[in-house]
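In what follows, structures are represented as structure tokens.
Heads up, the next two complexes both have chain A, just with different partners, chain B and then chain C.
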Partner chain A sequence: MSKPEDLSVIGRRQPRLDGFEKVSGRSVFTDDIVLPGMLHGRILRSPHARARIIRIDVSKARALPGVKAVVSNVDAPDMLFSEKQPLLAKGFVHYVGEEVAAVAATDPLIAEAALDLIEVEYEVLPAVTSLRRAQQLDAPQLHEWAAGNVALTHEKDFGDPDAAFAASDLVITDEFRSPVQHNTLAELHVALADFTNPDKLHVWTPTQGAPMYQMALAKAFGLETSQVRIVYGNVGGAFTGRGRAKPHHFIAALLSRVAGKPVKIKATGDEEFIMFRGSGETQYRFRTGVTRDGKIRALEADVTFDAGAHAEWAMILWLPAPYLNWLYKVDAVRYRGRFVYTSTVPKGSHHGGIFGRLSAGWMQHLNHVAEELGMDPAEFHRKNAIDPGHHALDGSDFASCGLKECIDRVVERSGWKAKYGKLPPYRGIGIGIGAQASGGKNAANDTSAAMIRVADDGVVTLYTGIPDMGQGSHTVMAMITAEVLGVEPEDIRIVGGDSDITPFDWGAFSQRGTFTTGNAVKLAAEDARAQLAGIVGPLLGVAATDLKFAHRRVWVRGETPDATGRSFSFREAIGKAFNGVQGLAIMGRGSFNSPRPSGSLAYSFGAQVAEVEVDPESGAVKVIKVTAAHDLGRALNPLAVEGQLDGQVFSGMSQVLYEECRMDGGQILNPSRLEYKLPRTYELPEVEYILVETIDPYGPFGAKEVGEGPIVVTMAAVANAVANAVGEMLPQIPMTPWRLLRVIRHRRNHGLAPAD
Partner chain B sequence: MKKGFITLHVNGDAHEVLVSSQHTLLDVLRGKLKLMGTKEGCTTGSCGVCTVNNGRGEAVLSCLTPALEWADQSITTIEGLEKNGRLAPIQQAFVEYHAVQCGFCTPGVIMSAQAVLNLTPAPTEEDINDGLAGVICRCTGHIKVKEAIRHVGEFGPTP
Partner chain C sequence: MLLPEHDFVKPATLAEGLAVLRDAPGDVRLLGGGTDVVFNMRCRLLTPDTLLSLKDLPELQGIAVLPDGSLQLGAACRLTDLVAATVLTERYPALVKAFRAVASRHVRNLATLGGNLCLDTRCWFTNQTKEWRDAKGPCLKTGKDVCHAIAGAPVCVALNNADSPPALIALEATVTLASSRGERRLGLQDFYREDGIRHTVLEPDEILTRVTIPPTTDRLVFLKETARQGMDFSYGAIAVRADGSGATASRLRIVLGSLTTAPRLLAGAAERLAVLGLGDDGLDAACATLRDELGPLTNLYSPAAYKRELARILLRKAVLELREMQA
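Coming up: the complex of A and B.
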């Protein structure tokens, strides 16, 4: 492990290396790509939440001049999108927006006109358009294999929960709900497919990782994975919304194969809101058993997820079980989860994964527990918080853990003790804590690989498959490479975003980029450095291991990197290797996969305090300040870390206060960014960040994730602050003005204080 | 359908283009002039990524305005901010302050910011909030965006 003083690049406030392209309008996104002969695809979607398809007639659409392909289920009757889900509706539609047919034409307006010419006759069937309705005894059964509309269940006990609850002095239960929420990516969903050669499918599209797209498309079209090429140069945001290929990727490929031309499908603004696969409705109940002196004995969570019409994202069902083990020293944990079908678009998750929405309730619940005990919530969290070296009931080990330091720092910096319980009416303060895995290790193979080529002119090229969705992964990978090779980040060229070229990398989910890909890149750079050192060491009269690489120079450790010592410039050193008798072309390789069978090698921790003011007349909430402390191992690029924190504070407060797809009969009522509210500039709070660097032994240069942990904590802190301001827990997010006014008026009418 | 040739002055260059009443200014910029720096988002005026500046330096949503209305008008897009191969101060500040992440909304955010600076060279917090209220950036939460604009407002247009 390097000491901070040994590092010359890591820890620097490094602006993005692609900043020039992005601010000058030069960055190419998928919609900017136009291929020769390219057609425009449009999708005909179901207007009904549940219906039988009596008849589809595409003949008039096919006859329209300019139309080059029309497809419906008869053209791909056996093609599945997910396990039990046909790509194009087969006999039935199960949600508003389901893909029924599609058209490719020479002009987008012709494609649009052709959709109007497709005749579909439906017999409307009773639908189930809310999670609550799906669980009622008289609800229609949506799929023959799912009695009670339950798609899947997951049950997990750690320790002996019954005994732990029995041994508790106090057991408290609370229930919460969260709504349908949309990822609202800046770059709308888009795919450009070229399947004119049946041996190779090329797809240009923003993604969080190519392999899952390659595998899914290969399976559907009967290809080998390598016959599918995914190109993803610039990715306009992801926020968990681009984890898996969506139907439009398959449909673009199908249309391209039929038409023999490249086909681009791009969502329209309102279509984006019906084709998305963000968060579904969620109902959750937490139960906690504590001793009188505030020790948590048992934690229980019972969660019901709205799967939508198909269970596409079963993984979110089992993720909460381990999560419950990562914050507190407890005797037992119980998790009960179920995935329930509704007649709505299949759901996945939103920014913060499932943990954000759970945390907004869980942390209000634990705040409630603390208050019942007469304890300060910050002290309650701290008393139960885990320490470094903790071995959790789910098998997780925490080599580094700055949780208590994070709590202490936010308590101090926010003035918590002077404010908690002492603020004027309708002013509130709340605390939340959280943990997150650096790489989920959701399968045995959770691999990232990297290659480094050093050209004879000294230019270093890094080949990486990790997408840069804005988080700055390419810049930080260049920093890691530069640190190891002793050059500058600007000296590194990144080749990424093309599955035909870049080595295997699952991509940017489960907070694995910095940790997993970062480790792979570091290994590749160390491999390249060792090759170079093997040549240069003997030339300088020392062993390869006695060299120091920094500031674009290579020198004998202990000497000075100038004419007084034995040294080469980096470029001279490369020249010695390349032009010497060995003629060595340096190519480093690295591959990293956590050796653990499951669970992460490292976990990040955080604590945040939010202060809010609620207007009792309008119900509007102003977030005044967010103080955030995060144990991220080491901040490789503090500038980018702040950017990640900014976005997560913004998105976290947004989900708690604003974001909700208002649904009626399976239709979304607010399918635009004006009506689906996000914070605007004047709603932003003051932010203060405290970076806690615990230098994790497994992370690259000690780093852990910081891409999803913070938003979970923001949601908890803001939720608790609003509850504190109005005087009671708020069981439903978002905490919109009308929901708050109902609480405020109810409390006024019953003579209850606004805040206690 | 109304149709005809119009002359557009984009980033100082005159372009004669055939447009119909179905075309928006955005369609012309991206589709006909291949100025792909301006992005197409929601196309309903709610996300702001298509923002350009008109001849008075004001922010305009190019997705909402019919191309025919722009005959003989001047427009500045993100590609027109550079002078002599150098980034404009606001562009440079966006890089240095990390006011750009995924970059998809960035052209629209920068053109909104440039409009603020065009109209109020030393903008107040309220000027910045008002000028940026029409564009959404989930990545940055606008926090470093505002820092970048404040920097240019404070140190003036000379780089």
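Coming up: the complex of A and C.
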């Protein structure tokens, strides 16, 4: 890793600044907060996958002593959760678990008892509980506006795909499926709403960012955005699962408004699996056209998503279209996507977004293409990989790009050439590549802002809206601030997670934290430094721009840090500003937004090689080693980067091999941490980290994202390694023992390799 | 997910406990470490009027070697204590492996031997929260004559997922059941019933007080197949005990766990191995008996076809391991 002389904090292996608070149990999470007079909310959910509501009678529940509020659709008849979705079921229910009514009571047991007293009469209607069934001609139509149960479609051609396929020597098609998967957040869903003052709604909740929550709640309750305050101190994981407010946020606010008391709603263990909005069943058909010498001419992906009962998260439908353009130099790309209604929980996405699960199939397909051509897949990827300066068909520009270097280095470090095709039976090696955008403009702006206040004792306070969801973003923001001001990360206090206090920041999604908020923080720190330099420069007899800030000192550039009369300690310098003629309180501000009209400014790239061992007797897979190279521009905190890689290798492996919501009639059969089989840390393989630093021109100190790019690649590499071990592409994740045994037995019965 | 209201009784002696069990009105539930019962109460699968705590009863404590060489384990022994007991680790390493296979250290610090032996059967249509079950509708175990796992099943087919019974049954352990009427002792294999609702023969007024393992110098192997290492119920488990050494054995006991409603003693496979030896021929012959010996299997937690495969895999692995062991 390069660590140029002029950087003193950036590039350091900095332990988390909040690490001690976390491990000593002092960090406050939403459920730790208890407000005076707080009530406990519970939600009555639909027991039917599809039914007409004939009657709701809440009178008995309302009469129960201790019950302070009971709400159903009649209390908020026009309140929508998504475009065509009432917040509380109106006339119909469309999935098991849909919100029908809710209560708030002085005690959780009373709230639970009150749920039993709400009488709901249903007329059960035929339901559609699988993606396959939803697409059959005779399937019931679930919503009057959705013929064939298709909620939305997205079709996009880049270049001339028909011509490019026609010009190809070989065209290969493969199909793939991924299941319902849950984000398994460490902190269960919880919201505490205080709407006792009708002009101000306070909501304490874990979130990936306040603005989306503020906007949605403000719209629902007829408030201005600033009348909604979101407080999100510590966030126990998100993995795309906390991007937007969920029904329980609205319901807690509604109950609080009715009861005139703060109301907390927290998920029970299995309710968590109803509230989650993780990824749904997805069907993929990939088609690729290549020339005989291995050049990709055309790429096509056709993806059918299970939207669940309501199309809440349409964004995942159009995300694959640009992504298909980011890795290879191709003549044309075609994307066909559709969102299909089923009578199941509305879906969103899981760790890795849509890209991870797509890659588990797409990269197996592309390796299949390479092998059909008789090419080494690593060479195939490299031959077609894009270079820096590439202008993609979707309009994306890649100022920095280390894709080829990532491929070269994982091939070398993993011993790929000595292993690929040469391992013993049921040992497998697989390669995957991927890309990820650092932020992206999906609204009028993609803005992050930051403020810095320097106290007269030299303590620096950074105000940022970026949540620390476990990824260590606050530590990195402190490092950026410290680097610019020439102090140490420990000198920075972070005030975060309160939309009434912290400046605007969309939050931590689309991999925008380090890149976008990092740029805003850097600008704010530079602003503060410039103010300080304006005072200190004249005192030291030099221009403000001739000062060097580092090691808690300010001195004349080119001289020694402690030269008498030519330097100050940082604290002395602040004293000069604060107690000088101007009495200047230093306050820096920064606001960053991509100058591009849409899309992203920077893209990171990665390549990984996974090695696995499949037990042909039991079908169990052991991931032995993952060699992971990631072009992240610059590693601001290599320790945190390695943590990100470990976490993403773990989660990627987990999604490919373990995770699946087993469904039955629209209900999840395994809605618990016990039965939703996540691996444990024992299963984490050895991970070798290769950090490729391409120093992006737009990133703060050259940094790009490392928050989601690696998992996308892990899923590809592990899937390919298992396919390599058993001898054929696996059409489905997770690759459980029983699915692998079926493939192994089939191949043995037909005399197909690997022979043993 | 809060605990329903209930009375809590902690007797000082076994006699006092048995009297409570006989005389207390309503439904009384025995409580060991509570790792299973408490969670089932949170799910409203159990709503006892009274919880009778057994974990500190003096009569249910201790690990002792009897004059005849038998090993006697108190039912209230915590699994953590059994795992650490020298007399066990030296003489019954495979049994210790089975105890250690239970859940995690945190759970084993609470869980008792008696509790693990009495662990309720499990089914993913039943072991859910009340709200979940209300949506699905009740089943044989929760008050209707419907089985969601196997349509038309006459009895509950929930699985016995406990880790310790297979090894103890292989060792021909006996359990002592006490009541205010007296005491009876029976082989652990006879303790279990092929009924997921009344899955043991324990009468409502009885308490399992101790486990006795007769002396033996036989070899014992225990294996458990799980999705992940630790903190998990098994997809399948096996205990195989054999006399002799290497590939020869004249007497075997093979017990499969977690695949069926009661731990399954495989007499046919044991007989094949005793006759043909532990070589590949014996193993193939033993595996060939599995289909008949197992009978129909459920799709609970893993597909039936996989369970069938797993029985074969476990038997093979266990016998291969056994072959490497001397008496």
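The rule is simple: the second predicted complex is superposed on the first by the 748 of 756 C-alpha atoms of A that agree within 3 Å, B and C clash if a C-alpha of one lies under 4 Å from a C-alpha of the other, contacts with A are read in each partner's own complex, and residues count from 1 in each chain.
What we mean here is this: a contact is a pair of C-beta atoms (placed from the backbone, for glycine too) under 8 Å apart; a residue touches a chain by one contact, two chains touch by 3 or more.
Note that this is a predicted model, so its numbers are computed, not measured.
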I want to verify the contact counts: of chain B and chain C, which reaches more residues of chain A? B
A:L684 contacts which: chain B (first), chain C (second), both, neither? first
So, A:L109: does it touch chain B (first), chain C (second), both, or neither? both
Please work out whether A:N724 is in contact with chain B alone, chain C alone, both, or neither, and reply first, second, both or neither. neither
For A:Y658, using the defined touch cut-off, is the partner it touches chain B, chain C, both, or neither? Pick first, second, both or neither. second
Name the contact category of A:R45: first (chain B only), second (chain C only), both, or neither. second
Looking at the overlay, what does A:L185 touch: chain B (first), chain C (second), both, or neither? first
Using the superposition on chain A described above, determine whether A:L674 touches chain B (first), chain C (second), both, or neither. both
Just chain B (first), just chain C (second), both, or neither: which does A:G269 touch? both
Would you mind listing the overlap between the chain B footprint and the chain C footprint on chain A? 109, 268-270, 674, 678-680, 682
Of all residues in chain A, which touch chain B in the complex? 15-16, 18-29, 31-32, 109, 184-188, 234-237, 239, 266, 268-270, 272, 351, 469-472, 639-640, 642-643, 646-647, 649-651, 672-674, 678-682, 684, 687
For chain A, which residues are in contact with chain C within the complex? 45-48, 96-97, 108-109, 112, 268-271, 617-620, 658, 662, 664-665, 667, 669-671, 674-675, 677-680, 682-683, 737-738, 741
What residues on chain C touch chain A, complex-wise? 1-2, 124-125, 128-129, 131-132, 134-136, 148, 225, 227-233, 235, 301-303, 305-306, 309-310, 313, 316-317
Which positions of chain B touch chain A when the two form their complex? 22, 35-47, 49, 77-79, 81-82, 87, 91-92, 94-96, 98, 100-107, 110, 128-130, 132-133, 136-144, 146
